[in-house]
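Shown below is the structure under consideration.
Which chain is which? They are A, B, C, D, E and F, in the order written, and residues in each are numbered from 1.
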Amino acid sequence: MDPVKRVEIVTVAVAKPRLLEALERAGVPGYTILRAAEGYGDRGRRMADEVTAVFENMYVLVACSPEQAERVTVAVRPILERFGGICLISDATSIKH
Amino acid sequence: MDPVKRVEIVTVAVAKPRLLEALERAGVPGYTILRAAEGYGDRGRRMADEVTAVFENMYVLVACSPEQAERVTVAVRPILERFGGICLISDATSIKH
Amino acid sequence: MDPVKRVEIVTVAVAKPRLLEALERAGVPGYTILRAAEGYGDRGRRMADEVTAVFENMYVLVACSPEQAERVTVAVRPILERFGGICLISDATSIKH
Amino acid sequence: MNPAYLLDNLLNPPLLFFLLGAGAALVRSDLEIPQPFPKILSLYLLFAIGFKGGVELSHSGLGGQTLAVLLSAVAMSLVVPCYVFFLLRGRLGAENAAAVAATYGSISAVTFMTAIAFLETKGVPYGGHMVAAMALMESPAIVAGVLLLRMTTRAGSAAPLPAGGATNGIAWNELLRDSFFNGSVFLLTGSLLIGAATGDRGWEAVRPLTDDLFTGVLCLFLLDLGIVATRRLEAIRKAGLPAVAFALVAPPVHAVVAMVLARLLGLDRGDALLLTILAASASYIAVPAAMRLAVPRANPSIYVTMALALTFPFNIVVGIPLYYSIIQWWWS
Amino acid sequence: MNPAYLLDNLLNPPLLFFLLGAGAALVRSDLEIPQPFPKILSLYLLFAIGFKGGVELSHSGLGGQTLAVLLSAVAMSLVVPCYVFFLLRGRLGAENAAAVAATYGSISAVTFMTAIAFLETKGVPYGGHMVAAMALMESPAIVAGVLLLRMTTRAGSAAPLPAGGATNGIAWNELLRDSFFNGSVFLLTGSLLIGAATGDRGWEAVRPLTDDLFTGVLCLFLLDLGIVATRRLEAIRKAGLPAVAFALVAPPVHAVVAMVLARLLGLDRGDALLLTILAASASYIAVPAAMRLAVPRANPSIYVTMALALTFPFNIVVGIPLYYSIIQWWWS
Amino acid sequence: MNPAYLLDNLLNPPLLFFLLGAGAALVRSDLEIPQPFPKILSLYLLFAIGFKGGVELSHSGLGGQTLAVLLSAVAMSLVVPCYVFFLLRGRLGAENAAAVAATYGSISAVTFMTAIAFLETKGVPYGGHMVAAMALMESPAIVAGVLLLRMTTRAGSAAPLPAGGATNGIAWNELLRDSFFNGSVFLLTGSLLIGAATGDRGWEAVRPLTDDLFTGVLCLFLLDLGIVATRRLEAIRKAGLPAVAFALVAPPVHAVVAMVLARLLGLDRGDALLLTILAASASYIAVPAAMRLAVPRANPSIYVTMALALTFPFNIVVGIPLYYSIIQWWWS
């Protein structure tokens, strides 16, 4: 039962390659991605109803150490600035790592 | 790094228009929706295998201020009473908002 | 507003029947499943792009009491050992249960 | 029943794929048609049958007999909910009785299509107006079910409000939208109208999709329904004996009523079978979608299980050949 | 305009399904084509039209006129973005102007296909090289839009970098990938080349899928676009009057320019209509996908709304019959 | 090898779409067939080929030669895993060797279908029982792979238990379910039986879907496989040289063995090619799904990469024309 940081990121689905690269740079041990997310935020409604992924978001969950979480926030910030979205950090305990 | 409330709601997918209206009334700054959720609860199993969305749930994530979270719970309660589901509130920090 | 444990599990989608059985044994009051999850972890990349569910993960959320959460971690551990994945436990308050 | 028809029916690919799906669910195979493909197959089938019906309607027009059939269909979809509601209210409770009433007043488009596939293998003709009859039977039953519930449960009770905001009246707005603008009703009606408007020229353009592929796609859809219906069977215990009994007895009873009507209206055998199947079948697509919103306290494990796991298999395996045997014997 | 064409067009199933979808969105029906099926329909249509164009190209080959058409098409897709960018920069801001410029320099494959369906109902022939022209018009417009923006906004500004890492130059790498290897451009071009390489033998093998089903699938896709485009209409207020005006005035203006070109090149009526529709239409699939990455600060509620909710319906409801009337009158 | 066959094969649309997909992945285009459509395409192909094989079987019946072919097929699917397991156990470890053994004992339905498309362009006939042979080869290989592993790794070791609860025996229950009731095996076998039962009448009803569209859909599926297989290539380094070598050497070796068998059984050229391709191909759909559960410690990056990224492209690009050249020369 180790304490970990839960990092959650929501941003546009088209930014996936960039986001994965950022997570890799931050050295996280793993991540999970859920696509086909709809949403609403500062940049208006994203209905995920397009014939392309233009208006589609993705949800990413990362469980990692506090230092890795720190690095993730740094790596992710420019992506959120360019494409919009949120990044939340919370605490959890993990039964595997 | 601002403290925020994470509000998570799971309810039937057909209630989406009502739920979005409730979130709007509560004045939240944004939300993210994942559809095609299966589940189990007091009202039995929802297998999301129907040809309609009748047995399908959706998962909604809202990051907002404590006051907004308060208003969300008030607005969401009648929906959960009618259609079933859960609403969880937890703490996080956000690198945007 | 009752305190609850949020248990999150990510593992391979093909293990769904086993996982549900484990949750049932643990006596949880409900759960929510999101399928079609991609991911990365100790066992490499799972792109969810196969024609079968071999490389697909699922995300499961359970809100329950601390004792139930304890039982879930016990029941889930062998599944994670066989198939890989993570299990996170965090705190939340629930407006239903 | 003429056993040849039962056998004929059993050698129909759509039915066999339904049984294959049921078998997959029984042996717990991991075979499944992944979502949202079943939804798309169902949209396709409504699009195809609607268009075809519309084109045939553009040939025949709306004669006196046609109007009489349409009227009878609507009448049945209003009368059935009334008797069902009062019959079952004591046993299932008002909400569940209302949902079951709407379910059995309405129709199952897939059962109808399976009956058409059955007629086509026998070369028996039928009229496009029967598709119009089907389209007309979905909404009235929904409205009837909700109104029966509202009229019999008085204000002050925790009666289900169709609308989020409505205080104690009926939210007509939402009720009409959920019943008449329901996705499947809308697509079926719209395709019917477009088919009627574009006639043969439109038909030529879409025929390879809507007609040639129809039976094959129906096979895939019934494969999925076989899996889903069989999985639902486990919920039967919760539904209770009265519900199970009703789900198996109502189809032949409604079928006989429809046959009498068909005889009185002087319908041909093909149209008679289709009217019979409309009466005998129960909705598990349009009605549940509407009930989920309008009567959320009704338990879908009861009304969907009845329609999908009992009435539907009964009709496509036994009902269609049985009803057709009777019609053959009666009409001759 | 010859009103017969407008009526003919209005009795075309694809257009009627577009209107049905629009109606569903207006009455807030829950009808929808669930994701990712619309994406798959769009891949199918690109695959089918590309293959067909390639096969026809394998018959006709690349003659002098063909090359002239292709060159004109590329030229239009480069010239249009330039004038649009400078016209709208003051009103919409540089980023939005660049995105709109690329949008209108590029083309809408679905509008093109609807025009082909229109020609086919009238039995008017057209050449496979028009599909090649379409394939060639997508990427240059994207590159032009991005370059215009980069050249007019100097370093030091918070200018949009096409690349995550690029410091102040243009990330050519990513720009070219996003414009030329964009999924829809890639599939269309690839199918065209495969069609051209395999010719009639390949065509026979895939014709039932790519040709016979084409119009039917187009109906389903337009049903979805009707829903989506109508929902987008609510964003029009945010787009502002200049954007709305441009979205409705640009199509006929670009159409007339294309007709003049078509006349000069001596094209037949069918090819003339298709060149006209390429010029008059605006992209809401390939260009937004590229702009989202290359110019993320541009607001898709502006450029997608213009192309999808205004220009597209205008072209398929009024534009196609209008342009064809003019061509008929002019060419005779 | 007769170079004309290689060229013929290269001008086949399905193969070209595979290469197009590979190209898209190489240039990092964002082209993809969104999930779950690839799964649905694969279900469609199994449904179609199974039905067709069943109908043809209903014509030919089960003669002596047919039974001999079926027996040989099953024998190969049992013998191959044995030698593969012992050959690779030292290099890849027991779990991975077992998974690779099952993979190569089993078959690739898509390779088989590509071979059928190849035969059809040449007008070479083949028998429906070859589809039955394919259906019969999937499950035994899975069972063999798991049994080999269980029999060679003793209790007390951290041996993979097929079942969650089984203590130290083999969970036969789950093993048989995962191998014989596996979704794709179940659908293929079920469609075969339905095709055999309904014969020509059933065939007429579903032919537009199952036959006419077959090649076109195969193109789309191979487009997806081209993308996915090429992406998997990056995992090759992890798989290691022995795995790579085996994935490229095994197909021609198994092919030659099958040709000898085919000659002994007196098969015609078409059936001979199909038996050869069954032996030479490796499973990346049914077997991985079963291995994931039965031998979860085996690394799918090894066995799926071998089958999908190496053996499959080898067979469809080079193998089919190569094997057919040899058969042509040998049989003449």
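Everything below uses one rule, namely that a contact is a pair of C-beta atoms (placed from the backbone, for glycine too) under 8 Å apart; a residue touches a chain by one contact, two chains touch by 3 or more.
Every value quoted in this text rests on a predicted model; they were computed, and no experiment measured them.
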Count of contact steps on the shortest path from subunit A to subunit E: 1
Label of the chain whose CA centroid is most distant from the centroid of subunit C: E
Centroid-based (C-alpha) most distant chain relative to subunit A: D
CA centroid of subunit D to CA centroid of subunit E, Å: 41
Length of the line joining the C-alpha centres of subunit B and subunit D, rounded to whole Å: 33
Rounded Å distance, subunit C centre to subunit D centre (Cα mean): 38
Whole-Å gap separating subunit A and subunit D, where each centre is the average of the chain's CA atoms: 45
Where subunit E touches two or more other chains at once, by residue number: 30, 32, 35-36, 39, 184, 208, 212-213, 289
Sequence positions of subunit B contacting 2 or more other chains: 14, 34, 36, 90
In the complex with subunit A, residue positions of subunit B that touch it: 1, 4, 6, 20, 29-36, 61, 63, 90-97
Residue ranges of subunit A touching subunit E (in the complex, touch as defined): 12, 14-15, 18, 21, 36, 43-44, 47-55, 78-79, 82-83
Touching residues on subunit D, where the partner in the complex is subunit E: 36, 39-40, 43-44, 47, 51, 177, 181-184, 186-187, 190-191, 194, 197-198, 201-202, 205-210, 212-213, 289
Residue ranges of subunit B touching subunit C (in the complex, touch as defined): 8, 10, 34, 36-42, 57, 59, 73, 76-77, 80, 85-90
Sites on subunit E touched by subunit A in the complex: 32, 35-36, 38-39, 41-42, 160, 164, 184, 224-225, 227-228, 231, 235, 238, 285-286, 288-289, 292-293, 296-297, 299-301, 304
